[in-house]
Amino acid sequence: MSTSVDLSTTLGDAWFPTPIFTASGCASNGKELAQFFPLKDIGAVVTKSVMTKPRHGRATPRMAETPSGMLNSIGLQGPGIDAFLANDLPWLISQGSRVIVSIAGETSDEYGVLARKLRAASGISAIEVNISCPNVENRGLVFAADSDASCRVIDSVRKVIGGEIPIIAKLTPDVTDIAKIAQGVVDSGADALALINTVLGMVINLDTMKPHLGGKTGGLSGPAIRPIAVRTIYQVHNALPSIPILGMGGVASGRDALELILAGASGVSVGTASFGNPTAIMSIQKELALLLQARGFTSLQQAIGYAHRG
Amino acid sequence: MSTINKSAAQFLAPIIANKRIGSYHQIILGVGDLVKNCRPGNFIAISVGGDSSRMILRRAFAISRTSDSAQYGGTIELIVAPHGAGSRWLASQSEGTELDVVTPLGTAFGIPTEPVNALLIGGGYGSAPLFGLAEVLKNRGCRTDMLLGASVGEKIYAPMEGKRSVNSLQIFTEDGSMGEKGRVTSRLEAIISERAIDIIYSCGPMPMLRAITEIAQANDVIHQCAVEEAMACGVGICMTCVLPVKDETGIISMKRSCIDGPVIDGSSVCWDLVGKNPAEF
Amino acid sequence: MSTSVDLSTTLGDAWFPTPIFTASGCASNGKELAQFFPLKDIGAVVTKSVMTKPRHGRATPRMAETPSGMLNSIGLQGPGIDAFLANDLPWLISQGSRVIVSIAGETSDEYGVLARKLRAASGISAIEVNISCPNVENRGLVFAADSDASCRVIDSVRKVIGGEIPIIAKLTPDVTDIAKIAQGVVDSGADALALINTVLGMVINLDTMKPHLGGKTGGLSGPAIRPIAVRTIYQVHNALPSIPILGMGGVASGRDALELILAGASGVSVGTASFGNPTAIMSIQKELALLLQARGFTSLQQAIGYAHRG
Amino acid sequence: MSTINKSAAQFLAPIIANKRIGSYHQIILGVGDLVKNCRPGNFIAISVGGDSSRMILRRAFAISRTSDSAQYGGTIELIVAPHGAGSRWLASQSEGTELDVVTPLGTAFGIPTEPVNALLIGGGYGSAPLFGLAEVLKNRGCRTDMLLGASVGEKIYAPMEGKRSVNSLQIFTEDGSMGEKGRVTSRLEAIISERAIDIIYSCGPMPMLRAITEIAQANDVIHQCAVEEAMACGVGICMTCVLPVKDETGIISMKRSCIDGPVIDGSSVCWDLVGKNPAEF
């Protein structure tokens, strides 16, 4: 960094030199971006949500561009936790990257199984628990839509992880009362919150006149949803000021990252912006440092949640 | 470091020329020394719409031909079909405009080490990368025949200079407005045997690639095709561009067409599963 | 129309020559747009939500542009129902415009009072009940966030309106289960549904480093939210196929309107697009007719909900 | 039909000229016969960013001067300060580009029927509409003095031709880099009495307009100011651009600055309530 601003941040007990991370599912497991910048130069790589078994994911088409955004319907394609731990994690660690592993399950028990495997691994900075997945035990409703289901997932992870690694619960904005869900997962033992996952959307293909995506609905991401992310982070930081938030949703520049930080984010994940620009994360990190400096901040910590003060 | 995207770079490339040819725009970009890394089959991902665009994703274009001249340094040629907002924006940019590009991306056509009989088949703007490929094959001493198809004559892209790199060129249009009436696959079986074709290279719409694969397999000819799936990132990080591909052991997996493709062995693609729900494989 | 497509549509018992309407709060009460096109040429004017008393609304700034969208925080500034009935309604009727009157209240009783006044007026095609307003009886939570509160509002309108005028309940997308809220208001007597109101969002001003809007949060509208509107309309039409939907959210062209119609909308309100283009509604109407014709439809009715078929 | 926006039309206006002047861009647009309806104080609302822009709202600009020539027909002049994405886009457009515009919008400066002593006060690009106004006042036989202020000299907009329409021009900059060091209001009270000012016309930042109002009221001088509130629509349909305004009976209401303004009687504006919660009035 060419500025003297201290960018370091923490999520629970985990320390990061900068607050700018990849977003789960938007950096694969790191290898593909390593050509564009050294992974150790960013705050952390948040890996693609991994499940116990390998998954093919959903049918194509899996994406549709929308005004200032996109829909995706990947369906958690991935290698499964064992292959991940054998191949991807060691590679990331060999790069000097800090790693946050995102996990996803179809039952609350599956999350527990994943957590147990991660506890045995070393070199992980934090676990991000993606609870915006269809809960096969409850009509396929996503866990995060229901406070009880969300809590059960975090419970089963907390039972396994005794405090060695911070647990970050990732919530969906598609709920009536996000602060209530947040309070619930914190009570169940989440050390931090990741906000927001994609917003449920749909595009109809005007040629076929049917839903365009193979999965019919998809998750809306990108700058279009940034105002929703800022609002959600603000609401949750207001309700739970002592719980660190990993913010995300439409961040494409340093000014966007700062907006989320002022709203209450301790760290910022960059997702969709990397699709349009593989070096976006690096520029965002540089711009953020300059913006903080221009506003007289000497450390990132001073700016977190600033919009709530006075 | 990883080897994925290993020769790719992100930079500003000036438009050296932008010329309408039939339904298409031929755009020449200055890419400097990087041209040395561009192989036939590789593609380029371009930001579209300018600084305050609502289009947040890059558009992918096959690299048609490359050249290295004293005047312009390394250049690459693209053939752009003005279609939606992104390609129309690109087609309307004038010389001198600098484009934000990432290139070269993806796999390249495999080049035989021996001189063989190659058949190049292009559909619509799919002919673009085949002309660059033809030059390389010709330099390797291959015999290269080319079949081009499109719905109408104006959608056939076959530049003068390009024709010089091939031994023969046959054109098919569905409405008969140029060349023969029909599809590139109409007489493919006969052509393969008459000309003792060893390898087919193709690029064009997915149904065409599928039809060629079937004929190639039935006739025991190698078939390398460049696929075109909707890509959000082009660099392997989003998993939107996947295709069901079978490996040697028969296991099907969803491969990313941006890094495991766009050039891929036609016989490894499970064409009947494309767009199907993978859970049912 | 230069095409032969029959564009007429109905919402409950109300008939409209075309399905393209203004959106409440995005056309004031009609006078301002009349310079740009004759109001009788569009399906209907949906008036700005009116309350019993005149209202100043919220503090400025009341708007922030966001990528492909905007936030607003108007706070229901308006003349009050009596002035509305004395001045605005007669003027609209004198123009030959069909009128849908949008009402808003702070208590469910206030909605009943408004409905009673409207019953006595003539020339109204339908009532749109905006239940996305803060409910002063319940911690200022918006009615539409809670199924019971929503039902109470529709109840109190239904008690007064015996079927003379269709009741359209306008819902917010900011809920966990929109189909449930929809089912509730239909059971309480709503004849049709308006989907969607704005999505709650926030922008932080990077100069003041505080929320930019006077009302802190605001409603996100415009093309950015169109995928959310399409998804919501699709979900609700799927759950309640016989209930007509007045769709809205980010419609700026004929193709956008068609997307909402294919998802299940019988009519389409155009809001934010009119800000950027005062004649947007007219072009959308013309483009829609051509698009329907190009797809072989001879009437709008054939296209409604088409994405659900086959 | 209603009388609101009654002379406004939406059309494509070609850029006749675009010239940098200090920190600003002077843009001349061809508007044809409509120029006859444009009065000093009116504004124009322009779509920015092109076809696939993420900027969905128009940007408002004061009409600086109008002209009607044989060569170009009716034209209007705008003074654009490149600030954010929209104004920067506009400033970068070249001659010949057609802009989607809606104009003339809003109220105009009231023109006295008798020759009076007028003082025109502009802050930054706020001087733009004052030059058009000065021409009209001069033709009515008014004496017109002008005060212009800005933070720095480059933000003073005072074209040669414009200076000819005023009897005197005084410049103030906060850093003293041009004219006197200070603000336009520094010596306003003295100027009003020395020159027997009957009416003040102003345009500029809200705090300047407020300060002028206070001095004008204390000295019993009429003050018409052109306000600048963030506008989403510019035509009166969104209610975002409101200002608290007191009528003759003392009742405060939130008036739309796009149709009840931008020109408004300074003494009717409740400056201390701007940006406050109206529920507390």
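We just call them A, B, C and D in the order they show up, numbering each chain from 1.
Everything that follows uses one rule, which is that a residue touches a chain if its C-beta (ideal position, glycine included) is under 8 Å from a C-beta of that chain, and two chains touch if they have at least 3 such contacts.
On a predicted model such as this, the values are computed, not experimentally measured, just so you know.
Peer 1: Under the touch criterion given at the top, what is the topological distance in steps from chain A to chain D?
Peer 2: Steps on the shortest route: 1.
Peer 1: Tell me which has more C-beta contacts between its two chains, B-C or C-D.
Peer 2: C-D
Peer 1: Centroid of chain A to centroid of chain C, CA atoms only: how many Å?
Peer 2: Their C-alpha centroids are separated by 34 Å.
Peer 1: Return the distance between the CA-based centres of chain B and chain C, expressed in whole Å.
Peer 2: One centre to the other, that is 47 Å.
Peer 1: Centre to centre, by mean C-alpha position, how many angstrom separate chain B and chain D?
Peer 2: Between these chains, centre-to-centre, one finds 55 Å.
Peer 1: Once you find the CA centre of chain C and the CA centre of chain D, what distance in Å lies between them?
Peer 2: For chain C versus chain D, the centre distance works out to 35 Å.
Peer 1: Provide the list of chain A residues touching at least two other chains, using ranges where the numbers run on.
Peer 2: Residues 67-69, 222-223 of chain A touch two or more partner chains.
Peer 1: Residues of chain B that contact two or more other chains, please.
Peer 2: 54-55
Peer 1: Drawing the touching chains as a network, do you get a line, a ring, a star, a complete graph or other?
Peer 2: complete
Peer 1: In their shared complex, at which residues does chain D touch chain C?
Peer 2: Spelled out, the residues of chain D in touch with chain C are 1-2, 4-6, 8, 10, 47, 54-58, 100, 102, 229-230, 232-243, 252-254, 259, 274-279, 281.
Peer 1: Which of the residues in chain A come into contact with chain C in the complex?
Peer 2: Those residues of chain A that touch chain C are 64, 66-69, 71, 145-146, 174-177, 199-204, 206, 209-211, 217-218, 220, 222-228, 230-231, 234, 250, 255, 258-259, 262-263, 291, 295, 306-307.
Peer 1: Going by the contact rule set out above, which residues of chain C touch chain B in the complex?
Peer 2: Touching chain B: residues 67-68, 223 of chain C.
Peer 1: So in the complex, which bits of chain C are touching chain D?
Peer 2: 25-28, 30-36, 48, 56-63, 65, 67-70, 72, 74, 77, 91, 214, 222-223, 252, 272-279
Peer 1: Spell out the residues on chain D that touch chain A in their complex, using ranges where they run on.
Peer 2: Answer in residue numbers: 54.
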